[in-house]
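Here is the structure we will look at, set down as structure tokens.
To keep things simple, chains are lettered A, B, C and D as they appear, and every chain counts its residues starting from 1.
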Amino acid sequence: MIELQSVDKEYDNNVRALINVNLNIHKGEFVFLVGSSGAGKSTLIKLLLKEEEPTSGRIILNNMDITRVKNRRIPYIRRNIGVVFQDFRLLPNKTVYENVAFAMEIIGAHPKEIRRKVPMVLSMVDLSRRASSFPDQLSGGERQRVSIARAIVNSPPVLIADEPTGNLDPETAWEIMKVLSDINGRGTTVLMATHAKDIVNSMKKRVVEIHEGRLIRDEQKGGYGNEITNI
Amino acid sequence: MIELQSVDKEYDNNVRALINVNLNIHKGEFVFLVGSSGAGKSTLIKLLLKEEEPTSGRIILNNMDITRVKNRRIPYIRRNIGVVFQDFRLLPNKTVYENVAFAMEIIGAHPKEIRRKVPMVLSMVDLSRRASSFPDQLSGGERQRVSIARAIVNSPPVLIADEPTGNLDPETAWEIMKVLSDINGRGTTVLMATHAKDIVNSMKKRVVEIHEGRLIRDEQKGGYGNEITNI
Amino acid sequence: MAMRLRIYRNIIKQGFQGMWRNRSMGLASVSSISAVLLILGVVLILILTINNIVLETKTKFDEIQIYLEDDMTNDDLDRIEDSIREMEGVLSLVFISKEQGLEIMKEGWEEEAYLLEGLEENPLQDSYIIQLVDIKYAEGIVSNLRFMEGIEDVKYYQDIIDKLMLVANYIRFGGIFIIGALMLVSIFIISNTIKVTVTARRREINIMKYVGATNGYIRGPFIIEGILFGLIGAAISIVVIKFGYEYFFKSVNDRLYLLFTVYLVAPSLLIKDIAIIFTAIGVGIGGVGSLVSLKRFLNV
Amino acid sequence: MAMRLRIYRNIIKQGFQGMWRNRSMGLASVSSISAVLLILGVVLILILTINNIVLETKTKFDEIQIYLEDDMTNDDLDRIEDSIREMEGVLSLVFISKEQGLEIMKEGWEEEAYLLEGLEENPLQDSYIIQLVDIKYAEGIVSNLRFMEGIEDVKYYQDIIDKLMLVANYIRFGGIFIIGALMLVSIFIISNTIKVTVTARRREINIMKYVGATNGYIRGPFIIEGILFGLIGAAISIVVIKFGYEYFFKSVNDRLYLLFTVYLVAPSLLIKDIAIIFTAIGVGIGGVGSLVSLKRFLNV
């Protein structure tokens, strides 16, 4: 489903964010992407979305080499991936409802379908009461949940979440994890970059660790990582 | 040092974010502010900064009723408070170094002093290598650390941090906590809104909990809260 | 098909919504567009008016005078008159006998008129004054007249007319040049304004792209917004110019006639043309400007 | 004190830095400012030129002719000549004897000149033509002359001059009005442009406020940026107008002289004034525009 073949990414300012990364994620898997701050997790996600281009290597999504794809086709690739962005990326001039509905409108969904599904996902992330608020009228965690709602509303075959619980209290975070788990159970491939040690440790899923741009660990049913932390 | 007297805050869209909050924080204290997403933590912080005005009640900072203060005086109040914003609020057209230096320039610090202190705090948050990057060239966690560096660079008497570890891996988060702890040890009053259960539980500091706008708990050496979380 | 229609409906809805929600920026765009078109309108009217004055003045000299040989019979006169009337471009024909001619001369000479009293006999000839439909027929008619029997001399104000023609041409070319340049500059300013407002929303555009919107889907609402801004801007400037010019016309027209025996272009005629031009510019630049400005932000 | 100086230094540094780092938005501002000033310049030159043509034409009629009584001695003539030369506003004095007068008349009459051959004696008088420094002296001189001994009649082209004076006044007032209105509109567009670029950076301004910057500290760099934008915009338009007008001057001036015996305003004179006006507008609006635009974002 998702395959990275010896991918390198060097940014303009000579920062080598990814170094020879090889990764293969199968359809229906749930994968945690861990690593310290600045390791390269978001960069990997940006490459999958074609927000950035790899310096070298190939990226295959759904049997398609997306590094070779025409510009015109990019939107259609993105529609197959629901993304929770680390910085949320909500449209400032649209309400919560409209932000979520927007993802459905661009694929030409039927208005009836939109009116049915948007309230549904908003209640899944517990935001029904905020449907008509604008993003800058929301708390940090509420914004994050709008981003989650938008990512899942089209039931995409792939869901990528970049630190989707960073601004959520543990209880809400667990509710979100349940939602992602359910979606994964219905066949969606999930890739989640996270720092939530508790969540990774309890979920017992595949864990991929990046350290300074290199993929250094890829474990089935892994944990967050070796416990160096002392109080 | 910081005192809230029956503070209410109702936003324009009739959301009651804070309801009759009374809180007294003494000089040199370290206080965790906890509560689920949307509880009103950031709102409380915004009131202290005069980013929002309370609907009723009084807020006293350093023996001064800041709800009555003249517009002209606001900048000087803010300079006594170092703030780590939940959404970072970095200046997009300034490098990491310049963002941190900016906080010193506005108070007219000596260039020599700036050249000495900025690299120092950048190394405290482990960002020396990113000094000349612009905010949009940083990872989420790196941005958060710039915001932290900027908040502490002037050694303000009060430090307010809104979820300062939300985008950090546990290891880095602990390093940051050590920095905040040290600063607190040198006499700075610290108020930190957070969802980091582990950190709150291990640090054994005063914990104030807000639930749907009401202050429902205020414990010395408290924990994050009752464990409802199941896997 | 139904899906396409839905998408178009959404685009239009979002165009209107976007205009409303970005109204503070929009206000700046709209008012700049009106202001630029206003300038364009004033200069346009200025140049048209000057052009009109020159052209009208020219027609004052738009006549040919022919002097007849002595002792013509009425038949001869009828024959000449008929054949002149048949010529292309002749508007009217007036006969002036030599007695009338002397009277006119005396009037024209005013204080020197007494000089003419000393004349023993009337030295003038009978003549015709030919009014032309347009100055362009002059040369043809003059050369025809020269070969006609019974005509001793043909006179027309070649010099003055040539000079005025030249001035009119300069004004026409200069005017076209200035208006053309001004239009370019206006278009530039308007598209600049649109560009700045689009740039201010580049983040929004990027976000749309990242969630999978096609370029067309993003462009749509922006173009509609641009067109609406252009339309409103044009409408405002048209209304201001309409009332402004009508007022100007009322207060200046009569005085202008006294001075140059020329009238201003009637407001109704002028405003219609200006309205068409301005609407075209406003809508065109609003739409195309948005399109072009968007281009560089869509490649993400 | 040292602290204040450091703060000022920082503000200036940040003004230049801000201009450079926001150069894409800045480019739009600068080019809009140049464009608007360019229009202003062209209209200014246009109106000045027309005004000049009318004023110059007027001076063509700027002379007074006096007719002397018959049989004057040379002494009488000297006396008259002297006292006229002493009058205020007299530029030159030319004596035309009645014989010369007849010759001139014959030349002027062209084909009708033979009429004058029939005259038994020269009915004209000796005369003087007085050139004036300025038309405004005319009435004073004329009324003085009327009471002078030896002068039979005083004539000057009151009608034409009055008409031209009227036209010149209209053009002057109309011109001032149009230029004034245009300047207002230009100022409006420029401040609008500045406003939009400031609005696009409102988040930045808010952030500065939240970390404790005073209004003055935030304003400083923006005002400097605004002034720099205005200055660059003005400089560009001045250069374009300078070369544009010099070219225009070269290619039109001689032809214009042939037509109206009038010269254009010399580029060197004109450009200096325009440069001063434009720099004032650019810098003024750049600075003040930034200040005003900032105002509503500073209250956080």
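Simple rule for what comes next: a residue touches a chain if its C-beta (ideal position, glycine included) is under 8 Å from a C-beta of that chain, and two chains touch if they have at least 3 such contacts.
No experiment lies behind these values; they were computed from the predicted model shown.
Common neighbours of chain C and chain D: there are none. The chains that touch both chain B and chain D are none; no such chain exists. When each chain is reduced to the average of its Cα atoms, B sits farthest from chain C. With centres taken as mean Cα positions, chain B sits 28 Å from chain A. With each centre defined as the average position of its C-alpha atoms, the distance from chain B to chain C rounds to 67 Å. The mean-CA centres of chain A and chain C are about 62 angstrom from one another, to the nearest whole unit. In chain D, no position touches at least two other chains.
Looking at chain B, no residue sits in touch with two or more other chains. Taken as a graph of touching chains, this assembly forms a single closed ring in which every chain touches exactly two others. By the definition given earlier, chain contacts exist for A-B, A-C, B-D, C-D.
Partner chain A is touched in their complex by these residues of chain B: 11, 13, 15, 34-38, 41-43, 86-87, 132-133, 137-142, 144-145, 162-163, 166-174, 195, 197-198, 202-203, 224, 228-231.
The touching residues of chain D, counted against chain B in their complex, run 2-4, 6-7, 10, 17-18, 21-22, 204, 207-215, 217, 299-300. Across the complex, chain D is touched by residues 49, 51, 71, 74-76, 78-79, 83, 85, 89-93, 102-103, 105-111, 150 of chain B. The touching residues of chain D, counted against chain C in their complex, run 24-25, 28-29, 31-32, 35-36, 38-39, 42-43, 46, 50, 114-116, 118-120, 123, 163, 166-167, 170, 178, 181-182, 185-186, 188-189, 192-193, 195-197, 199-200, 255, 259.
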